[in-house]
Structures are given as C-alpha cells and as structure tokens.
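Please find the structures below.
In the two complexes that follow, subunit A is the common piece, with subunit B as its partner first and subunit C second.
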Partner chain A sequence: MARNSWSRYSNRSFYLFVSPWVLGFLLLTAAPLAYAFGVSLTNFDGSSPRWRWVGFRNYVELFGDKEAWAALLRTVAYTGIAVPLSVAGALGLAVLLNRRLKAVGLWRTLFFLPSVVPVVAMAIMWKLVLNKDAGILNAILNSVGVKSISWLVDPMAFYALIILTLWGLGGGMVIMLAALQGVPAELEEAAIVDGANRWRVFRHITVPMISPVIFFQVVTGVIATFQIVVQPLLLAETNSIAGVGQVPQSTHLYMVQVYQEFFTSSRFGYGSAMLWVFFLVILAFTLLVQRSSRLWVHYEVDTDSDR
Partner chain B sequence: MDGSARISRRRLLAGTTAAVGGVAAGGLLSGCNAGSSGSSGGTSGGGGEGTVTLTVMYNNNELTKEHIADFEAKNAGIKINFLQTDPTRLNAMLAAGNPPDFVRGAAVGSANVNARGLATDLTPYLEKSQVLKKDDLLGVNDSFRWDGGKIGQGAYYGIVKDWSQDATLWYSSQLLDQVKVPHLSDTEPIGYDELLAIGKKLTVKQGGKTKVYGVGLEWAWNLYAPLATMILQQGEELYNDDLTEASFTTAAARRAFAWYVDFAQAGVGPTSLDPLPDGADLSTFMAKRMAVTQDGYWYGGNFVKETALQGSIRMAPAPVMGDRRVSPTYAGQGAWIPAKSKHKDEAWKLMEYFMAGPPAEERAKSGWGLPALKSLLPKLPQDLPYQKQAYQVAQNELKFTGALPDSPYVTIDAWNIALDKYLQRVIKKQSTVDAACQGITDDINKLLKQGKEQIG
Partner chain C sequence: MHVNRHGRLAPAAVTQVRFRNLRVSAGAAYVLLMALAVLFVGPFVWLLLAALKTRDEWAAVPTRILPHEAQWGNFVHALTDINFPAYAANSLFLSTIYAVLITASSAAVGFGFARLRGRAKRGLFLVLLSTMMLPQILTLLPTYVLFSRLGLVNTYWPWVLWGLAASPYLVFLFRQFFAAIPRELEDAAIIDGCGWARIFLRIFLPLSRPVLLTSFLLSFTWTWGDYIAPALLLDVDHTTLSVAITAWYRDPHGNAIPTVQAAAAALYVVPALLIFLFAQRYFIRSVVASGVKG
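Let's turn to the complex of A and B:
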C-alpha cells in the first residue's frame, strides 16, 4: 500500500476508465476466440443440429492439408511483397508531398482519395481497368504492340491483387507525412552543414527519427495483409461457382481457403481450427517483427526495456 | 446423449456465428447479426396486433414488391420482411437457430439440405392444400423429395418455382449462316463432338482477342450439372447405390472431362481461365459475339423486347454424348421452409400464392422458364415466332427429362470447385485427364465421407 500512496486517483477510477475496453475485449474478442476454439473441436456444419465433438482431429487434419499450407505460403509471400511495397510507397509519396509545392494540399488530397474509396468500388474499377478485352490497360499495351494480357486469371491475378493493395496506400502516406513533419529541421540542417548529402540526411536522420511510425506501419500492415479475404473474392471474374471457387489459384490466400471451408464445404469446425492456427501464426509473425524492432527502431525516449 | 450434454452443446453453438465472425477478422461473416436483422418478428411486432411477420429470403426480381403487396393485401394478418438472397447470411441465420420462414433454393442439390434436417416436410401441407396439389406437380419437383435414403421419392421438402431443360441450346442463325454452318435441328440433338467442331468454325479471333465465341457453356455457373448430364447420357453412374462414394474415373466421366478440356484448349468459348467480364453469356450473345450458348428454355425471356434479335435466334435440343438422350434441369429453382421456421402455416400460404397463384401464372406467360405445375404448361407464350419455335423444342424435350444424380453428403458447389480446379490444371497441361479424374474422385470421396459422418 505504501508504494501506491503517491497515487492521485483511486483504483476504482482506473477500473472504471478501462472497463469499456475490458468489456469490449471480453465480449467481442476473448469470448468469440473461446467460442471458435470450442467449435474447432466439433464437426459442426454451420446450420444443422447434427454435430459432435471430434477433439483435436480438425487440427491434425490441418497439418496434413496441402491446400491449406499452400495457401498459407502464398499468403506469406503476398505479405512479404505487399507490406514492404506499401510502406516504401507510402513513405515515398510522403517525402514527395512534404515539400513546398504549388497546390500541395490538392496533391495530398488526390493521393489520399483512393484510400477512402470503398474497397468494392475500387475492385470494380480495377476489374474494368484490367479487363482483358475492354480494359484500358490492355488498350494501352495494344497501342504499343503488346498483346492483351489476362490480368484477372493465373498467374497475373497475383499482380492485380498487389496493384489493388497498393492503390490504397494514401492512408499510410498521411501517417508518414505526419511523422516527417515531426522531424526537427535543425537536425537535418546540422547534418547538411556537416557535409551530408540529401540521401545521407534521409537515411541517417529522417528514417531513424520516423522509425517508430514505420514500425507501426509494418506491424499493422502485416496483420491486415495476412487477413485479406475480400479483395481476392472481389477481383475474381465472377461471383458464381460458389464465388470462392472462382478465385484464381495465385490469389487463393489463406483466408480465402478458410472462407471456402466455412461457406462452400460447410465445415465450420475445420474452418475454426484453421482460424485458430492462423491466429497463432499471425501472433508469431507480429512478435518476430516486434523483436526485430530493437535493431532498427529508434525511440527518442527510453523504452521499457531500457529503464 | 443426455439432456445436459445436448443443452451445453447447443449453448456453445448458439454463439458460433459471432465466434467465427470475431476470429475471422470481420468481413468473413456478413451475417453475424443475422439473428437480429433476420428476426421472424413473431405475432404482433411492427404490423399491429395479431399480425405475423414472415421473413422471406428470395430474389427481388422474382418475388417483387408488387407480389408482396398483393400477398399482404390478400392475407391481412401477414406482413413480409423481405431479405435478398444471400447464402452467407442464410448460413448464419440457420446457425443462430433463427432462419427465415421462406427461402429460395434449387431442387437439384437440395438433398444436402433435406438430409441435414434443415427443411420442413411439406407433404402434409400438400395433401391438405386446395391450391397446390400433388397430382398437378411436374416431375421436376421430385428432386426436392428425400426419403432418408433416396432422392426422388418420399417427403417433399420444397416446391419448384420454374425450371428449364438447361442443357438445351440457343443459337444465332445469322452467325451460323455467315460461316455456312447448317441450322441446328429443332427435334434431333447435335452430338457434343459435332458441337465442338462447329464451335471451332464459328469462333473468330483477331489480334489476340476473341471477336466471336463459337459456343458458350456458362462455365462460371455450373460444371457439375453438364458433366453429370454427359455421364448420364453415356449410361454410367456417378455414385454408388447409397450415394456415399463417387467415381469420376469411369470411361464416361473421362470422356466428358476430356471434352471440356478440348473445348477450353480450342478457345471456342469462355472458361474460368478466359472468362467473360460479366461472368455470363447473355450480353455477349446479344451483342452477336457468341454463336451458340447452352442455356435453357428460360433464356428466351431475355429476348421478348429485343425485336432486332428475334428474327435470328433459335432454340435447339440438348446435345448428347452417348446413346441415351437426356435433357435434365440443372437447378429447378423454388422455395423451401426451414424446419426451425416459427410461422410454417403462413409460409405455406406464401408458397401457395407464389407457386400456384398470380405470380406463377405471370411467370408462365412470360416464358421465363417452364412452370412446375402441369396446369400452367399451356400458358407458355407462343405469340412471337421465336417463342413458338422455342415452345415446340421445349415440349419435345419434355419426353427426355431426367434427374441428375445428387448425393446428400456433398454439395454441388463443392463439385464445381473440384471440377474447375482440375480442369484448369489439365487445360494448362500441368496434369493429365486420367490424373485429374482420379484427383476429383479422391477429393469428392473425402467430402462424401465427411458428409456421411456428419449426417449419419
């Protein structure tokens, strides 16, 4: 009790203030996680009362499921490409727009705009752009003598998905821009006075100063990219053949496979097991990124581990 | 199984929808809130005392606002809460134990729903009804029947709204004339090999793009039904007697599969590797960029106002791949009443109204499919020359109606995914027909085993 005697507020105030979050976490995160774990131990089909406990059989089956592993590897590869490109692209745009340009506000708005367009509208737009016969991209390629490309089927569908992902990097750009504007000008000026060129200033002053924001972008980017499901479904040429069945192999990511198990195969139990394993995989990747941050993220204040 | 165990399981699963939705990072289950948004309302609710709110999941271009208003006017105690068809939402509502009272569904493939105990046995209603009578039902309704072991007999779990001989063809006589291909017979079916041969003649390619497709198969809609039809026409079986095992390695199955591979490799029509932008043949066919399309009688409804097209379109019998002439329906869309519906009597009233009342008569007269009642068959349109020709072809095809194989232990969607996956591999020359057919058999048998274990 003596240690807490300096406290300005009572414990009750603390618990009152955190209770909305705690309640939300328990009801909307912890409880669903527990439920999903329960379901993963059954062969529930999502609708009928005819189900039973199967223990860890779904998990055992998952370890031998080649399609699920292939989808997971594809997802890791996609994340490995999309996240660095998104972060680098957002940073590049932010650097460009952090200069004294004419109508800089307009430029910033224009680059930010795609990130507020609903994903469905964006996917429809790209489907039109990338359409083999009537799309503008193939029309441009045709005009320079390149044959039409089937962008929305294998293997090009993967790149179409990357394009769709990168189209929304305006959101990241705004965060990077805010970070860049927080970099003290005197540090950069001092480096220039000491003879550093623009690249060295950027590499050794700017990037370390904004590295906590880059770290934030990488962590949230990894988590979000791993979980992508809507974009591959929307980019598929049709929504028939059970929708998910029409998703090309190259964009058949892990969550698409999960969606297929739930809503095409009606295997809620197996799908839940897939989600639980995926949850652990994402957690592992997040911890890995977190651990790596000690090597490249610079904090202006002491971190917990430094204290 | 004791009662307490059952209760605890139910309590566990009651929250399943929310559970998976939460873990699936949002988005996965759009119907997580199904229980509330799709609530059956119950007596009173928003419609005043004594009013029952019937939750209906259907397509709004089939069960229209006008139909709903007319039904409500004729049934003062019933209000309809309309939901557009959404399989994911339906799944969520069923999982939450609060399904709609009236649901759109196809007869072909309904065995899976019926065997899982999700649908209401409509036989007692049929026996009492003065509007929908058993002896007026056309054979297509039998695909909604399930006796616990076999499809086509036993209780009725749904009623067909309309149907078509979906393997029949529509063609542009103008495009056939241009390449001097004789018109297809109105009565004698063309062989699949010949269809592919004329398809090659009719296909026009220019600068890496297809200017005119020879034949469209509506690849994106269904692969199982046309392939199962081809197998049926060769006199082979797809399933064993108790529908727990499939064999896609028979000579008939391999021939059918190989035909699809040849079709795709020849570039005669759209496939999942060379799809149409809108995923359906209609706009391409109407733009005279497709010579033949495999769509049923219902397709004719699209051309009623297309006066410029009417002179050059014709219907032809379903092609054959063997000695047995079969012209099945691939779906037979209709409706079923979930077993957990709280308002089955009211839902049956809507069934009577929609399947045998003014909307049914309206549909029959429009030519958007064949009616599912014998009494409505004479009402099919024959005013325009193309309608008369299609009517005659369809009438003749009735003699060759046959039911497609269906197992309660696997869905047609699962078949479609497996078929498309292996077709793509062979088309891209990453696999052989034999290996693919074995792969399909293995995949489907795995699902059949899981389904059997589930249903018992």
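Let's turn to the complex of A and C:
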C-alpha cells in the first residue's frame, strides 16, 4: 500500500508554476485596486504631500455629480447602441460567409483586418475619412446632394464613435463563423425537409445552437465598450491625455470624465472614487448577466462540469 | 451524388432545395459582400491616398480623390520630421520584451492549471477567469500613480513586470492546449525520473510551438498598438511610435500636417498588418479559442 501514498502531485510544484500569475494578480491588479480605494478616501491631488483623509466624502459628492451621471448615461447609451449593432453585424457577416462562396478566405481576411489595426492608426484613418472639408464621406454625401456634416464635433461625434466601433466587428465575425460551422448540418437540413423556411431554421435552430457564443460576445462587448476612453480622446482635436477636456460633449464617456478628474482637475481622490464605483457597476453587471444567462442561453453540455 | 459542405452525403431533395435558394441569393450575396468590403477597406485606401497628396490637394474643394503626382516625399518627412526610427526602435524593443516574457510566464501558469494539482486550484482558476473580464483600464490609473511613486515612470520596468505577471487570456489559451495532451507522455517521463520543470520544458513546451507563436504574435501586437500606457508612463524620449505619430507632426505654426501624419500612420500600421496577414490562422485560432470556449 505504500505505493498509493506516493503522489506525483505536490502543492509546491503547482504553486511554483502558477506563482507568476498569482504574484502578478496580487501586485499589479489587487494592490492598485486597493491603493485606489485608499486614495479615494483622501483629497490627494497627485503631487502635493499635504493630503488628508476625507472619509467617504468623494463618494457622496459623486452621487450628486450631474456631469458624472450624464457621462455614465452617455456610456450606457453608447454601449446600448454599439454592442447590439456589432453583435448583430458580426452574426450577419458570419451567416453571409458561411456558405459556398468563392474565396471565402479572402472575404474573411478583408472583414477581419480592421479589428487588428492599432487604435492610434484607426483614429487617424477615420479622422481623414470623416474630415468635414476634405473627408471622403462628406465628398460622397455631397455628390448625392447632402450637405457636409461635421462628424467630429457635437452632436455627430457620438455617431462617429459608433461607426469606428462597428468597423472593428471582424473579430466577433470570426468567432461567430466558427460557431456556425459547429452547428450540425443535419439539424438544419431536417428542418428544411420538414418544410421550415430559411428564416425559421435560422431563428429556431441556428441561433439557439450558437446562443452561448452570442451571449459571450454581448458580455465581453459590453465590458469592452463600457471602458472606452482612447477612441474619444484620439478622435477629438486633442492629441494628448492632458487635452482630455477638449473631448466633445457627446463622446464624453465615463472613463473620459475619470481622466479629466485625474489630469485636468488633479483630483486623484475623486477620480479614484469614480473608478471604484465603475468597478462595482461592472462587477454587478457581470454577476447579473451570469445569473440570467440560464434563462435564455442554450448549453448543449452541463456548464458545471469542469471539462 | 450530392455532398454537402460537411462532406457528408446529402439526400437529393435537400440539396435541390438548397441549390435553388443558393442560386437566387448567391448573386445578391456577392453584391452585398462587395459593398461591405468597400466600407471595411475604404479607410485604408483613403489613408494611403492622403499620404500621397500635397497639403493643398488634401484640402482642395471639391475633394480630390487622386493626387496629381504621388508625393513619396511625405514618407521621407514622416521618417525625418520626428525621430521616427528611434520611436520605432522603442516600440519594437518594448513589444518584444513584453511578448517574450508574457508568453513564457503564461505558458508556465497554463501548464500548472492544466496538468498539476494543488490546494484551491479550482478557486484560483475562477479568479483567473473573472480577471479576464476585469478592464485593465480600471487598474491602469492607480498603477500609474503607484509606479510614479516607485520611480518606475520613464523606464521599461512596467512592461517587464506586466510581462512576468502572465495574461489570464493567454493562460487560458495554453491551459486549453496542455489539457488536451495525453497523459502517457507525462507518465513515461515521470518513470524516467523527470521533475515537472523538465517535463514542462522538454516535453510540453516543444509540443506547443503553434500556441507559443500565437501568444507571441498576439501580445506583440497588443503592445505595438497600445496608446494609453506609454502615453501615461513614458516621456518624449522614451515613448513609443503610437504616441509619437499621434501628436508630433506639426508645421511651424503648430498645425497638424495630415498628409505626413497619414504617411506615418501607414508606416506604423504596416508591421501589424504584415504580422496579421502572414499569421492569420494563429490569430483566428486564438480569437476562436477565447470566444467559443468562453
């Protein structure tokens, strides 16, 4: 029986292997979050050593801060428009490509390409396209008799940001395409033989089969668009973080407001409180969505099992 | 005989139904795809056209589509008006260091979660998965404040630290790969008296070459494309190409020069696109692994 007491596994080797992530998580994620919470209880301005504790005053102020609320609502509106459109667009493109087409690989590459363009280049490109006087979009609109639109200022900047977001939906398309290819063809064919039309097959067979993937896309999409800050910054006339105050009102999202508190107003304490509230909002959203997912996401296998 | 797209024999009736549907919609599908392709590729073309125009041609009313003569000089200006090669070297250096370190650390952590056992492993893995959801932008500002107090601003240490800390996303990618490797490989090595470190380095790592490449390319493009971290942490001399091309192409009056900036953006985006085109299947693999397996 002595042989059974021998084990190839030891806690030591496991922890040795996972220690880079455990230490990294503690020092580079948990510690900064804890530090931010500490700072959020002070009136620290980023440099002066003469800060003091203010308790939860920053949080109380934030609760009555009209600008922060407006920025949060704007963020929700932006997310509420951009995420459904990107997910639906990604699914639509994937359906279009999931058939006997010539050069499927080429089309896929074309649509996937924009999603790997660095954000800085993306912003420069779209500023050129959307430029009021020299941009190609207004030139096209002019040629069909529509007057030039000021895309990069209020109120159109909001839509410019959505266009920019939609341009990058190729990553989602690739995922959807892989999911569609995993749907057994027999199921769809059986339904067609039974007299269902294509739309009903799509609606009642294809979509439920890939609903876990759609669900995942929505969740990660919401979290990604919630935290957007670089795109509004780079689409604006400003060219640095210090110029964050010049971001147009309509793209002044929550994280833009946070950066403004940090770098224009030097209110590190207040900005940290904003970060923490946002962290809790995102956490609550994630938990809520996870809970509700069982109601409408179809899992072929039990999700509780480990592998 | 009719074979459907999964290579299985399909009943003739089904194929005919499909065929008729396809014939009607295939033409429409190509038209739609063409129109969409113009939308997706148009901005690239417009960038290149802007990079080849004179400033007057760029600003001309009504809008000019093509330059009268290609202004290759814009690219020379892009390379020489600011110290482009130095910033490109910074970007390259930072991206490479980060990609090498994070690939190594994520592979090790992924191996631990896939093949080893230890107390609280399940709980730790849940924490790891949930940090995949945690926006990095939330921790970046406090990290910046902490790093500036520790004197790490204007050094490349933050990227070394981030690299050593492994990425939950890449850990997940490696874990999925390592978990699928048959146990017999490991058994044989253990009987030969190998420790886990040797098993990892000699057996599992060589097997995972495609995942290593995916991880390296992916993390390389993350840093190459990152704007906010270098903008916060690095000054004019240390910063990367992404920050440099955003702001510093100005004429003596302080106005941005769009044509030269377009040329610079084209030069900046080329490495990222080349990596992507040559290694597309690796990118698709990683995207799909993260999205479908969730």
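Everything that follows uses one rule, which is that the second predicted complex is superposed on the first by the 277 of 307 C-alpha atoms of A that agree within 3 Å, B and C clash if a C-alpha of one lies under 4 Å from a C-alpha of the other, contacts with A are read in each partner's own complex, and residues count from 1 in each chain.
The criterion applied here is as follows: a residue touches a chain if its C-beta (ideal position, glycine included) is under 8 Å from a C-beta of that chain, and two chains touch if they have at least 3 such contacts.
This structure is a prediction, so every number in the text was calculated from the model and none was measured.
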Q: Could you look at A:Tyr254 and tell me whether it touches subunit B, subunit C, both or neither (first, second, both, neither)?
A: neither
Q: Please work out whether A:Tyr78 is in contact with subunit B alone, subunit C alone, both, or neither, and reply first, second, both or neither.
A: neither
Q.
Contact-wise, after the overlay, does A:Val213 reach subunit B, subunit C, both or neither (first, second, both, neither)?
A. second
Q) Which partner reaches more residues of subunit A, subunit B or subunit C? A) C
Q | Partner chain(s) touched by A:Ala31 [first = subunit B, second = subunit C, both, neither] | A | both
Q) Where does A:Thr264 make contact in the superposed view: on subunit B (first), on subunit C (second), on both, or on neither? A) first
Q.
Once chain A of both complexes is superposed, is A:Pro20 in touch with subunit B (first), subunit C (second), both, or neither?
A. second
Q.
Contact-wise, after the overlay, does A:Trp151 reach subunit B, subunit C, both or neither (first, second, both, neither)?
A. neither
Q. After superposition on the shared chain, which partner residues are touched by A:Val193: those of subunit B (first), subunit C (second), both, or neither?
A. second
Q) For A:Phe111, is the partner it touches subunit B (first), subunit C (second), both, or none of the two (neither)? A) second
Q: Touching subunit B in one complex and subunit C in the other: list those residues of subunit A.
A: 28-29, 31-33, 35-36, 39, 46, 128, 131, 133-134, 142, 227, 229-230, 239-241, 255, 258-259, 262, 268, 271-272, 275, 279
Q) Where on subunit A does subunit B make contact in their complex? A) 28-29, 31-36, 38-39, 42-51, 127-128, 131-134, 142, 147-148, 150, 152-154, 227, 229-230, 237-242, 244-246, 249, 255, 258-260, 262-268, 271-272, 275-276, 279
Q: Mind listing the subunit A positions that touch subunit C in their complex?
A: 8-11, 13-18, 20-25, 27-29, 31-33, 35-36, 39, 46, 93, 96, 99-101, 107, 109-114, 116-121, 123-126, 128-129, 131, 133-136, 138-139, 142, 167, 170-172, 174-175, 178-179, 182, 185-186, 189, 192-193, 198, 212-213, 216-217, 219-220, 223-224, 226-227, 229-230, 234, 239-241, 255, 258-259, 262, 268, 271-272, 275, 278-279, 282, 286, 306-307
Q | Residues of subunit B that touch subunit A when the two form their complex | A | 9-10, 12-13, 15-16, 18-25, 27-29, 87-88, 91, 94-95, 116-118, 207-210, 220-223, 272-280, 411, 413-414, 416-417, 420-421, 424, 447, 450, 453-456
Q) Along subunit C, where are the residues that touch subunit A in the complex? A) 4-6, 8, 10-11, 13-14, 17-18, 21-22, 26, 29-30, 32-33, 36-37, 39-44, 46-47, 50, 58-63, 65, 105-106, 108-109, 111-113, 116-119, 121-122, 124, 127-128, 130-131, 133-135, 137-139, 141-143, 145-146, 161-162, 164-166, 168, 171, 179, 190, 195-196, 200, 221, 224-228, 231-232, 242-243, 245-247, 256, 258, 261-262, 265, 268-269, 272-273, 276-277, 280, 283-284, 287-288, 291-292, 294
